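Alright, structures below, take your time with them.
Across the two complexes that follow, chain A remains constant while its partner is chain B and subsequently chain C.
And now, the complex of A and B:
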């Protein structure tokens, strides 16, 4: 009993520790500008000590008011991020689900080779493929446009890998039974494969949204025009005088992800849980 | 394809609603934020620099005066009994202008006559004095000449006498030379030969030595030789004829030398006395100092005579002065009881001739604007801020009393006065002006053509100098936006509306007015006129 209480207490403390950055973000967003400048004096001036209170002495919503009403730039970068995330997620949905279906339904040497290549590509970080991606994007003439960020991300290998794990987990008998009614592969994909692999698709979609909402490196390299930037590039441009904006801004762009995670937590857990390999031949 | 089941699969209603509500909320806030931003952003009006001439509207205060003006004078130091006119009065020919006090006039006539008498007496005295001085001068000169002649005669006689004595002594010496005795004995020959040789040597020595040295020796030796005691004591050395001849010859030579010396002294004395007498003549023949006092007094006398004539003429007119022309009193420097001066008593404008405008322009541009003129060598303003006015410039003439409608006139004369002021004249030939009065001439001075002129409302100043705010297109988070950029400029010239500047391109767009203060880099919203 005591052990159980201790475990719970430790876990609770760990939870608090994990949530502390978000809490401090919120605290900073309702702290006045002068107060923040005083607290973070050491960080900006290079001398003295910076500290952060758990709650401000004079909480204010002025920062929210100014960001939401007086800062149209916030909405530009917000909607740029929404646009990039939505387009990438939709593109991945259109590309990765049929690709994963194909890999799961057709077995052969070429298919296996391609899948291995996919796996290797998935393991390569962006820094490795950056130069080649830059050259391809430049040759395509889509540099300094949202397409330069969206197109490479649409053909990401990770969602294919994730959804593939779901497709191969579906018993073969189900597809054989369906083939007695219809010989169409498209119908089988739409009416059997897709509904049965929907948790994996949703998990891939959620993970993709979480990844691309915070996209930083690709916009930094491919987007030069400020009006195309997502919020991840705009936040570092906020100066010392507008440090309060940084907190408000960060908290506001965190909100949609908090909403998604809270509401899709079960699906996410389920999808991540299926990432255990289930195809002995390929693994 | 059935999308409804797919929707149900992908998004449960509750989840979709939360996300969609958030996004819709953000969309609404986006619109509100943009609307608020459009109110907050400075709204500006812009323009481009123009190529133009800067214009300086000038208002020159002056007067319309008759072309011909006449001065009415009055004799000096006369008390004015009555003045019938004052400045700006219109008078007709024959009108009484002023009159002198009759008693003072008579007193002046008497005083003038007395002055004339005094002058005449002074002139007579001066002339008498000059005559006596001239006579004395002539007398002195004659006396000096006579003295010179006497001195010349006396000195010449002394010189002639000295020369005669010298000639006589020389004649005696020559005679003595011709009477030289002959030698008789051999012994006597040898001794005299030796003596002769000695004497020749002595004579040669004496000729070589100066006479002063030789004569004392001969004098020392001769008494011993000539004395009777020596002859008695030494009979063997008794004087021979040759020796006596030689001694005599030496005596005569001494006499000749003395006479020669007397001649030279007589000549020197003559020259000295003649030189002194000649100087006396030179001193006496120096001209007398010219004295023009009499001429000056004569001139004064003539002036007094003219003054007397004027006073008498004025007296005949009972001291009254009348106008000679129809016109206007432009200046009147006299008043009742005042004393007249050499200046004109009245200046009368002649209405029968044409009129002209006369005005003076002192300053046209403020000192603040003048500070820009120093930096430009091509400024259209002079050192005192007056635009460069030229002849034949046209302007509008307005009479200040409004009696005559506005007229277009041309400048006929521009002259610079002391202090930098500019005097303007404009002939009004052919204009329907029949009287003088205060008037204003409206002119528009123009500068050279400046390639880059901006409105003054677009020109700003700060510590580092003047600047304008240029509109530039800058990439921002909101896209390509118009932003403000401070551009430093050099003001070359400016008037009350525009400034000619350096540092801008004619294609630039600059902010003329703004709804609020603009900082460098601020986004702006351009509104149409």
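And now, the complex of A and C:
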């Protein structure tokens, strides 16, 4: 009995913890500037205390007006992020779905070797391959343009790995039945592989969107012009004077991703789960 | 003959991705390997001089040590805690479980830039956490920084791994648990002899995913404490960034080669076997 109450308590606290940052940003975004300065006094003045209200005493939408109407930069960095995320996610799908299919159909030593290299690449932190990427981008003459961020990310091997896991989870017999009546590999891919792997592809796409919305390291190195920056580089530059602005900004860039998570939660759950093999493989 | 032709057609699916990866990573990495054996000033072959140099380099040792420490603390913690939570959610049927499942993916949606702002408010020396607990710890600029980074990593990734384990748990037939209970196995014995073997096939893929995720916490640490964080969270990513700014190509190349070799060894047990399986730890 005590154990069950304790268990509920832990889960309940974890729910609160998971929602806390979003809640803080939301509350902060509808609180007036003076009120915020009062609550977070300790942080600004370097002494005293800071606390946070559950709900502002005088809720206001002035912060939103300021960001949405008075700050053209917001739209610039917001749409930069949208553009980068969209192009990378679309490009990744075009490249990685066929590649994952290829790996799942094509067996042999060379295929194993390549997959091994792909797995290593997937694990490497961006900084390790940064020099090589920098040299290529410089050579191609696309430094300081959006393609410098998009192109290398399109060929990320992470989605290949994820979607491959999904493909090998599909029973082989299904494909054998198909290959008896038709020999075209492309048709098998388009009519069998792709539809069957749709949940995995969808989940990989969602994970990609969540990941690249957050893009930081690549633009930090490859983009020098501030008007090309995504929002991740722009937020840290907001000074402590414009605290309300920072709240609203942080909340607004968070909003699309929250909508995606709530809209697609079941798809994502299904897809995430199926991306790791659950049954011992046939060998 | 026919078989080779068929293999070639499967290879074609791989081609776009392979071309891109070759241009952006494989080929330039060859150049990185060459540079790692050449001196920066008088570009000629110098053998292992660069490697000896980074081996003696204090920053390299510190960064490697910290990164290993971070991986060996955060990944076991993440996998164990998420497994525990997944068990709680899977075998519980009250509303707290349903709520937790609804909330647990939310942290994934929070962009790092917004999150960092919240962490700053919480962990500031005169921030909310210290005010509430009446402490005066400098969370971000002392050895606490490591704990904060680990906490942030766990917070962000926990839900994803709970969902992963949950799908694994759903794949284990209920009848196995009932049979074990009839044989007099308690909850712990059932976990040891039914749950763990049932989850084993997915363990290797989960571990690989966790490794990939762990390197992404650089974003948090960069936005929280910049290029020169506390010594305890100075990771290889910081090291590469600082060397990159100094254009220390020789050191960067040698370090990159060393790290790639370490990963190559690490991934060997997880590689795809000739049969096309992503073979698991259970062999």
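Note that the second predicted complex is superposed on the first by the 268 of 283 C-alpha atoms of A that agree within 3 Å, B and C clash if a C-alpha of one lies under 4 Å from a C-alpha of the other, contacts with A are read in each partner's own complex, and residues count from 1 in each chain.
Keep in mind that, in the parts below, a contact is a pair of C-beta atoms (placed from the backbone, for glycine too) under 8 Å apart; a residue touches a chain by one contact, two chains touch by 3 or more.
If you're wondering where the values come from, they're calculated on a predicted model, not measured in any experiment.
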Overlay on chain A: chain C relative to chain B, clash or fit: fit
Regarding the shared-chain residue A:165, is it in contact with chain B (first), chain C (second), both, or neither? second
Just checking: does A:76 make contact with chain B only, chain C only, both, or neither of them? Give me first, second, both or neither. first
When both partners are placed on the shared chain, which of chain B and chain C touches more of chain A: C
After lining up the shared chain so the two structures overlap, which partner does A:42 touch, if you call chain B first and chain C second: first, second, both or neither? second
Quick one: classify A:106 as touching chain B (first), chain C (second), both or neither. second
Just chain B (first), just chain C (second), both, or neither: which does A:229 touch? first
Looking at A:185, would you say it contacts chain B, chain C, both, or neither? Reply first, second, both or neither. second
Just checking: does A:260 make contact with chain B only, chain C only, both, or neither of them? Give me first, second, both or neither. both
After superposing the two complexes on chain A, what is the shortest C-alpha distance between chain B and chain C, in Å? 15
Based on the A-chain superposition described above, do chain B and chain C contact any of the same residues on chain A, and if so which? 260
Would you pull the chain A residues touching chain B in the complex into a rising list? 68-79, 82, 190, 195, 198, 202, 225-227, 229, 234, 255-256, 259-260, 263-264
Chain A partner contacts - residues on chain C that touch it in the complex: 6-7, 9-14, 16-18, 20-21, 23-29, 31-32, 85, 88-89, 92, 94, 96-97, 99-118, 120-121, 124-128, 130-132, 155, 158-160, 163-164, 166-168, 170-171, 201-202, 205-206, 208-209, 211-212, 215, 218-219, 222-223, 236-237, 240-241, 244, 249, 252-253, 255-256, 259-260, 263-264, 266-267, 270-280, 282
Partner chain A, residues of chain B touching it in the complex: 1, 9-10, 14-15, 18-19, 22-23, 26, 29-30, 32-34, 36-37, 40, 475-480
List the residues on chain A that touch chain C in their complex, please. 4, 7-8, 10-12, 14-15, 17-22, 24-25, 40, 42-43, 45-52, 94-96, 98-99, 101-109, 111-112, 114-136, 151-152, 154-155, 157-158, 160-161, 164-165, 168, 185, 189, 210, 213-214, 216-217, 221, 231-232, 235-236, 246-247, 250-251, 253-254, 257-258, 260-261, 265, 268-269, 272-283
